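Shown below is the structure under consideration.
Chains here go by letter, A, B, C and D, matching the order in which they are written, and residues are numbered from 1 within each.
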Amino acid sequence: MDVGFLGLGRMGRAMALSLVRAGHRVRVWNRSPEAAEALRGEGAEPVADPAEAFAGDAAVTMLADDAALRAVVLDSGVLDRPTRPGLHLGMSTISVALAEELAARHAAAGIDYVSAPVFGRPDVAAKGALNIVAAGPGAAVERAGPLLDAMGAKTWPFGAEPARANAVKLAGNFMLVSAIEAMSEAVSFAGAHGVPAADLLDMLTGTIFASPIYRNYGGAIAAARYEPPGFGLALGAKDVRLVLEAAEAARVPMPFAGVLRDNLLDALAHGDGDKDLAALARVAARRSGRG
Amino acid sequence: MDVGFLGLGRMGRAMALSLVRAGHRVRVWNRSPEAAEALRGEGAEPVADPAEAFAGDAAVTMLADDAALRAVVLDSGVLDRPTRPGLHLGMSTISVALAEELAARHAAAGIDYVSAPVFGRPDVAAKGALNIVAAGPGAAVERAGPLLDAMGAKTWPFGAEPARANAVKLAGNFMLVSAIEAMSEAVSFAGAHGVPAADLLDMLTGTIFASPIYRNYGGAIAAARYEPPGFGLALGAKDVRLVLEAAEAARVPMPFAGVLRDNLLDALAHGDGDKDLAALARVAARRSGRG
Amino acid sequence: MDVGFLGLGRMGRAMALSLVRAGHRVRVWNRSPEAAEALRGEGAEPVADPAEAFAGDAAVTMLADDAALRAVVLDSGVLDRPTRPGLHLGMSTISVALAEELAARHAAAGIDYVSAPVFGRPDVAAKGALNIVAAGPGAAVERAGPLLDAMGAKTWPFGAEPARANAVKLAGNFMLVSAIEAMSEAVSFAGAHGVPAADLLDMLTGTIFASPIYRNYGGAIAAARYEPPGFGLALGAKDVRLVLEAAEAARVPMPFAGVLRDNLLDALAHGDGDKDLAALARVAARRSGRG
Amino acid sequence: MDVGFLGLGRMGRAMALSLVRAGHRVRVWNRSPEAAEALRGEGAEPVADPAEAFAGDAAVTMLADDAALRAVVLDSGVLDRPTRPGLHLGMSTISVALAEELAARHAAAGIDYVSAPVFGRPDVAAKGALNIVAAGPGAAVERAGPLLDAMGAKTWPFGAEPARANAVKLAGNFMLVSAIEAMSEAVSFAGAHGVPAADLLDMLTGTIFASPIYRNYGGAIAAARYEPPGFGLALGAKDVRLVLEAAEAARVPMPFAGVLRDNLLDALAHGDGDKDLAALARVAARRSGRG
């Protein structure tokens, strides 16, 4: 397929290359053009104007946040150009509210819109092994199949309303940050009773909590290894804010999310925003006098 | 070995039978004698007096709570009888404070005491496949080896101070209840945005959260299947209380544990104490108006 | 002075009449014009266009929320009209962020802007006895003196940056909702131990907590009298959201505010948004099984 | 009346002297005898054995905590001596559970027991101006009238079951610590937006929050004056623990109390246990990076 890809951060870059490897023609755009140029030698075709990427059989967006997506797609006028793509595959982690707005605006413009956020870190993206949660009109999801298959190990369908995929993504990230907080408190608790963090987490993440999330973040906490960031703490704080906003809109109390919010603010106030999300463990340690 | 086993609830019964199967001579005692009698045909030897079980090469206790253990072991005088065992393997989930007291009292009485609480539900205990966390004097843990090997898939050593194993067990149960709460809030959140619980949890517990805990409790929540209880909600509430007590003794703030406490009280106040711990999900649902 | 007054809800209407009584010429505007017409017989002069009110020696705004203020003042173009007022006295409860934006926009337009939100319910406003917190350029606050004196018992100065007055207002409302939540939990606690709410609150709000806030809301809780609303629960929820947003911008963890957020959502999900803020007490009662 | 007074801390000493001033004969006992001796010149009669004080027309206890009261009254055998008093007025801040146990034990021993904890700091006690909450058999409360009138400005009756007075005392202390936490978060919030603590609290505690509690603790927070302690932080932490225990027994979720628990542990872990309870404000400041 003839694909435009917008947003070449660490995740986007790896995903765009997966598309190239699968034989698609891929035009790539990024706000800072060096990231696009860097992919020229890898088989992708850099373009300077987002409108050139938002065209073709399908456009894929993997932008940083609501503001970036709003600027590039909604406020730029690209939805109304004659060259607009047949399909927009929105893979960024964005708010439920923006996903709803995007669905309405695309419907009005006559473009199929599929929300398809992903689970997996850059190394997983590089292998084309992401887990993708997709929601949108059935025919559109089907047409996106070859692209989704190139980027992910599996696509999990969540029905026809795009925003549902974003709700799932936010729910998953909420559970992820909750798991880190639970480990953080457990480590401070056990540590105060003489148990080393590594001993505790080796056991728990090797048995009843033997899942990728617990192993990755548990390993980082046990080793107090918070740099370089895989998933930055400030980004995690942003995602928790999106969770709280969507929870408020639907009137769902989420006391764990409230605790996460405060502890992430505590971490940000202590200068850990650029560290890995695992650095949330430093908050529990500091509060117990062991920081 | 010649072993006495005290406490034949669903876990204890399965563990005692593992010892029988491994060829040990096992005297069994339970407060309500029927549970002991029921094991006569299985190769165990029921005794009527706890002092008869608290004897031999080793005694194993798997009692309900602090009060039961205190009554049977500390207040009964068995520690000072000439027939006292060479080793006491304490496998109950008890408070850190009681574990410390037990260690001191056994040392004074000249009996080796090893704390060895377990992770795993009754079906895992029946296969002798528990994960056991053991702490106590090195030589004593070694002597207990054949017993531990009969009951567990693996024994994780946590040093010479028995109470540390109890801190680890409580830390693990705290993480377990936290995982259930996180799933509960995520399900209410996603449900309010139109995503069925089963769809959400199938995806998450099949990918980044693919661990036994998440699959078991996630499956129960997705199916709203809270009976019969595997791990009763009232018992979980007791464990969270033990966590909070030990955290307070060591001055460790644990905001997640505080949320768990309130939500478990909410569940108890609404009559769900005899249901499975997964019924914690009903609290988040009720609070969001979907209960 | 020649004053325009925009926003004639229960508070605004009472404040505008205070200005009339003090001898000022007062043009009044409201989105639904009946509220303005109703003041014609009281000595105020209804106008149909907000631009006619946003003119004269000073304009006073007492609008419902950020959106209303943004629509009427920022997006309408009134700041750039030749008839713009010499001073804008913003008395609405709005976000700190909007107050900062208003300050910048007014400075650019050459209009003095003073933030002057108020404490007090409609009956206090009717007596011209509000407590007003004012911040803005010193000369502007001084010129506003006759207006502030007409509406309030006292004006508390908070310096030259308008947004500080809004931070003070939000801090005060946060403390107010916190006081209600504390009484709510205390009533459920004592009630579960056999103590009637009225007996508990009569004593506490008559002694160490003898302040207007505790007496008013304590009386309502003791009598379970939640209608008609003095301060609506949904409005209180909005104010707590403004607190959380401004706290997040400044990286200030506020665990009490997080609890308030969840409990207010619980109340909204159970249909109590149109009741008085005191109905927050129903959440604690319901959660303890006494709702 | 012929009265024995046990427990001569700062509060007890002032209360005993109020009884002396009112013309009662007062035997005084304290664990460290110097405190009793110091009152000899003031008209009280020091005794060396608690049994000598727990005698006469009435005995008053104002001991430090559950453990002290249990040791002096329940485990010492004084309830069964022929010289036991006609009435026991228990004024200590103790657990609801212990109050229930005391009521039962006194009933069995044939001694009237009245729970009568107090609100007020030592300077208020010195003026005989405490607020006393009393519960117990009506005739006994009536007989205690002259003593209560000597120590307090007013006695608030809470019925015939002694433990209810203790529930009221704990509810009041919970509201007190909640007020301090609310002020602490408000001060950090407003401070982060440029508003000095003193300016904020002068206004709020001079208007809608004009009550003794807010003025006293607000003044201390505004001045960062945490020593000497009026009400020690570690004692406040103990009271919050008693609240949580009694709440758990009655299955009452109390999210504010959970937050208080964590923040008090944070304060204790940072060495502020001997400071005044107002030092709770240091936790919010530290967490926002301003500590």
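Methods note: a contact is a pair of C-beta atoms (placed from the backbone, for glycine too) under 8 Å apart; a residue touches a chain by one contact, two chains touch by 3 or more.
Remember, it's a predicted structure, so these values are computed and weren't measured experimentally.
For chain D, the chain whose average C-alpha position is most distant is A. The interface with the greater count of contacting C-beta pairs, when B-C is set against A-C, is A-C. Distance between chain centres (mean CA atoms), chain C to chain D: 37 Å. Remark: chain B and chain C have CA centroids separated by 53 Å (rounded to whole angstrom). Centroids of chain A and chain C (each the mean of its C-alpha atoms) stand 39 Å apart. Looking at chain A, residues 247, 251-255, 259, 262-263, 265-266, 269, 287-289 sit in touch with two or more other chains. On the chain D side of its complex with chain A, the touching residues are 255, 262, 265-266, 269-270, 287-289. The residues of chain A lying in touch with chain C in their complex are 241, 244, 247-248, 251-255, 258-259, 261-263, 265-266, 268-269. Against chain D, in their complex, chain C makes its touches with residues 96, 119-120, 131, 133, 154, 156, 158-159, 161, 163-164, 167-168, 170-172, 174-176, 178-179, 181-183, 185-190, 192-195, 199-200, 202-204, 207-214, 243, 246-247, 250-257, 259, 262-263, 284, 287-289.
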